[in-house]
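Both of the next two complexes hold chain A, though its partner changes from chain B to chain C.
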Partner chain A sequence: MSPLGELFHQELRVINLGLEYFAEEIERLGVPVIHVAWSPPAGGDPKKAALLAALADEDEDDA
Partner chain B sequence: MSIKTANQTTLQRLTEAQPFLVDCVPAAQAMGLTERIVLHAGPPLPWERACATVQAAICCAVRYEGWAPDDAAAADLLRRGEVRIGPCHHQAAVGPMTGIITPSMPVFVVENRAHGNRACVTINEGLGKVLRFGANDASVVERLTWLAREAGPVLGAALRATGGIDLRALMAQALRMGDEMHQRNVAASSLLARRLMGALARVGSDAQAIARVADFLGANDQFFLNLAMVAGKATTDPCRGIPDSTLVVAMARNGTEFGLRVAGLGDRWFTAPVEMPKGLYFPGYGPEDANPDMGDSAIVETIGLGAFAMAASPSVIRFVGAGGFQEAVAATEEMAEISLGEHPHFKIPTLDERGTPVGIDIRKVVETGITPMINTGIAGKVPGTGQIGAGIARAPLACFEKALEAFGRR
Partner chain C sequence: MSPEAIRSVVKPSAYQDSVTLLLLARQLRSGSGVLEAAALMATPSNKDLFEQSGLLTAEAANAGPNDLVVAVRAESAAAAEAALDRAARLLGGKSRRLEGSGRIAPRTLESAKRLLPDANLALISVPGAFAAQEAKKALRLGLHVMLFSDNVRLEDEVALKRLAVKRGLLMMGPDCGTAILNGVPLGFANAVPRGRIGLVSASGTGLQQVTTLLAAQGQGISQAIGVGGRDLSEVVGGLMALQALDALAADPASGLVMVIGKPPAPAVRERIELRLRAIGKPCVLALLGQGVREGRDGAIHVVATLEDAALAALALLEGQPFAPQPFSIPPIDLRQCVEDARRGLQSGQGSVRALYAGGTLAHEAVLILEPLLGSVATNLAPGSVGRHLVIDLGADEYTVGRAHPMLDATVRVEAIRKAAQDPEVAVLLLDVVLGHGAAPDPAGDVAPAIAAALAAARAEGRGLAAVASVIGTASDPQDLAAQCARLEAAGAWVLPSNAQAVRAAACIAGGEPVLARLLAGES
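Here is the complex of A and B:
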């Protein structure tokens, strides 16, 4: 059996990223789930995300 | 300098400032206001773009100074530029709501003993029909006149006799007593009264005058708000002009626009249309009666108090209509997402002595989309109404996006 197939024969423990609705549905089915509130940087705006990345690099230079 | 080093410098200045309340004197003397000028809250604002509530307060202040007999004559002087208007922030001062300061008004003087700079603020007028909420009738002018003639000189003499009151220590204590220093100041006002009463009695020769000042102080739970604000201004001014720092050093609203300043971007304001606060209204009023958000009081959030300290003040979150204790903790935790550090002196007992979140980073705001939360009073949009409620406002994301773009081009 493939590793992925084995996974579904074990007790499921789920980490859900992003849309909270998915976590709520899994929880409703009695499966333990940890929801991580996450969204793309700057709401997904690539120009702003690039600017943030450039400024974050400056931050790391000093670390 | 790297951004990281610059931000640590700013954070250190934000948290290690030593604001001491040292005096109360007319603004003309403390701030050098010698011309006909009316200072207002928020970023710069041309007279024509001011909302009706701010215009009413400015005209009332012109009448109070005796520069015009009525509002029509006052507005004429303002349109012709014979009375100028300008932001409190540009004169090392702050003002709540409409934020009006004129030369003869008494102002509290706070000295930041860590840096040697000073900042000023008016005496809080109390609740109800007051100039800061745009009320403008005869009772408003009468109270302002009493503050200038009696309360200001008495408070000034008492403060000079104390040698200065340590506001950071007082605010740290009040935080432990349930104040967040924006919409709840009852503990801080009481602690200030304890410090002042002995000095008031010793310096005053007129027992009735002392009694009137003591009664005025004792009847106003928000008396300390202006002092929390001026402590914030004295704290943040030395943070302006730290190259390469992305931390916010001022947030202010003028009823038309919201503006912010960033440590590494000098004196520039980054503005966007101001938002409407959401909250609870006094009986008979609703959202349709509200003026857009205004005041320099968001300087309190800038130093890690107000909504940033909501978890220390569960009663405030009910007052502003935003839930209960769990929501108060969530508000502080959310503000921690956009802050660089925790305040080493402002501790929250209900969060196991963690410090309040402080040092708003424009990068974190743009990255997460989480905007600073501000506890605020709500003024009526019809001039003369005064306060109609209290609630929570959010800083517009657009200000932070503009500031970040400017930072990228620096």
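Here is the complex of A and C:
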């Protein structure tokens, strides 16, 4: 079965990245959730962040 | 010399998400003696906002993009200091709670996956410029993704969805506001029962309207998969909609499959229809656009409104024929309600002013109003002109530097006040969206403004009506019945769906000819 077919038969377990508000809502429903204390990469500079990501991509096969 | 005081505080390297900061600024503004307040990361564009609001202190000007700046202008130095103390308490409370829960807060997706190794979904709402990178990381970790963020480049969306298809994963979004997976509402979604209907939606509020109307009739959702507003475009090619349809086809819990969105590119529509015909289950196609040819075409039932989508699905599941109806209340009651609402209208009062929080609901309003009343001006179609005005207050031009109207009613309250001053406006038309993620009391946020608008028109010797629909269920945190009652107490006529509310507004603005046309079964 594909990961998507399996998902429908699994308990949802969520990693939340961004608005903490959403993690609180999911937690209230009794669903396992972990909130990431995310901060912008490369000092918040989107261009530098994209360059860093492009460097990281070179190691990946499906970039 | 002015006794006014401007004070600021800089918290270095203290990233906070934008909604948290907007809600914080709103709380500070409501403080005693506070004239203006802002809480923003000190990026160059945010520093411009500080300057425009007269809040750019020297320390704010020197702060960097990773620094959080809270600045207030108040009637006195004491009031300004008190507001900053309050900000520190509110922000401190947040971080304390995180620490107090005893959990280690991971700083990256990878470390979160190590802490929750069987995690299967990443919900991502970081700023758009960084969102695609995080979504790609999540897919590579084998996680399904719901990407709430917008402002993600189209080419990034295509690349992410290709990667997801290759790995058999869901890539919901970017700009995916709503989904319900395995009964769990994600983002902005309502508390609806589980049931036999599987949905694929390119629209958040469209999905909310359909699922809440199904819930009102006792039917539930197997899965509701959001794909983002651009999925059905030619460039994205319906990549995720097709992937989701395959999954629903194979899902024994989904007895009926529905697709919700705006009209797709023709080639994409063809692909979707082909896939639907191969599913072997009844299907409802709700692609809201001009001149939809309603009715059954083999296994596919094509509908023109979100309410019809829900009602057609219910009929198909029960093997019953479906014929759309303009209203669910009896004609005699309807006529009485319209008559009451038109009381006091003057001869020049004939326009509808629709102020929406939900984008697809605003789009649906334009589609229903135009055939009944003629041209509609709307920010959904730049350059459009007409006597009637439909505004999507969730559009970018209203949400820069502010939270979405589903969270913060400030902009809508002001728009209601302005509409009441316009002597041509006969009726205000609103949507009130409940559910997880929405404001705690959305009806209460607008009800005083509605009551004040109706009173202001009366004071000037004019009538004015207010019509609303509430998108929600009895199980939602806000309580559907209480929210409807709140609006009715303010003088609004509350209808069971957006489509019916739009038609009611058209009857009020257009009078007997429009009512007669609707009751005779014309558009």
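Methods note: the second predicted complex is superposed on the first by the 39 of 63 C-alpha atoms of A that agree within 3 Å, B and C clash if a C-alpha of one lies under 4 Å from a C-alpha of the other, contacts with A are read in each partner's own complex, and residues count from 1 in each chain.
The criterion applied here is as follows: contacts are C-beta pairs under 8 Å (C-beta built on N, C-alpha and C of every residue); 3 or more make two chains touch, one makes a residue touch a chain.
From a predicted model like this one, the values you see are computed outputs, not experimental measurements.
In the superposition on chain A, A:L55 contacts chain B only, with no contact to chain C. Legend: residue contacts after superposition of the two complexes on their common chain; A:R13 is shown touching chain C, with no touch to chain B.
Legend: residue contacts after superposition of the two complexes on their common chain; A:V31 is shown touching chain C, with no touch to chain B. Contacts of A:S2 after superposition on the shared chain: chain C is touched, whereas chain B is not.
Once chain A of one complex is fitted onto chain A of the other, the partner contacts of A:P46 are limited to chain C, with no touch recorded for chain B. Touching more residues of chain A than its counterpart among chain B and chain C is C. The intersection of chain A residues touching chain B with those touching chain C, taken from the two complexes, comprises 39, 41, 43, 62.
Residues of chain B touching chain A in their complex: 2-5, 244, 246, 363, 366-369, 401, 404-405, 407-408. Across the complex, chain A meets chain B through its residues 39, 41-43, 48, 51-52, 54-56, 58-59, 61-63. Per the touch definition, chain A reaches chain C in the complex via residues 2-5, 7-8, 10-23, 25-26, 29, 31-32, 34-41, 43-46, 49-50, 53, 60, 62.
Listing the residues of chain C that touch chain A in their complex gives 13, 15, 17, 19-20, 41, 43, 64-66, 94, 98, 103, 105-109, 111-113, 115-116, 118-127, 129-130, 133-134, 136, 138, 140, 142-144, 148-149, 163, 166-170, 181-182, 184-187, 222-223, 243, 246-247, 250-251, 253, 436-437.
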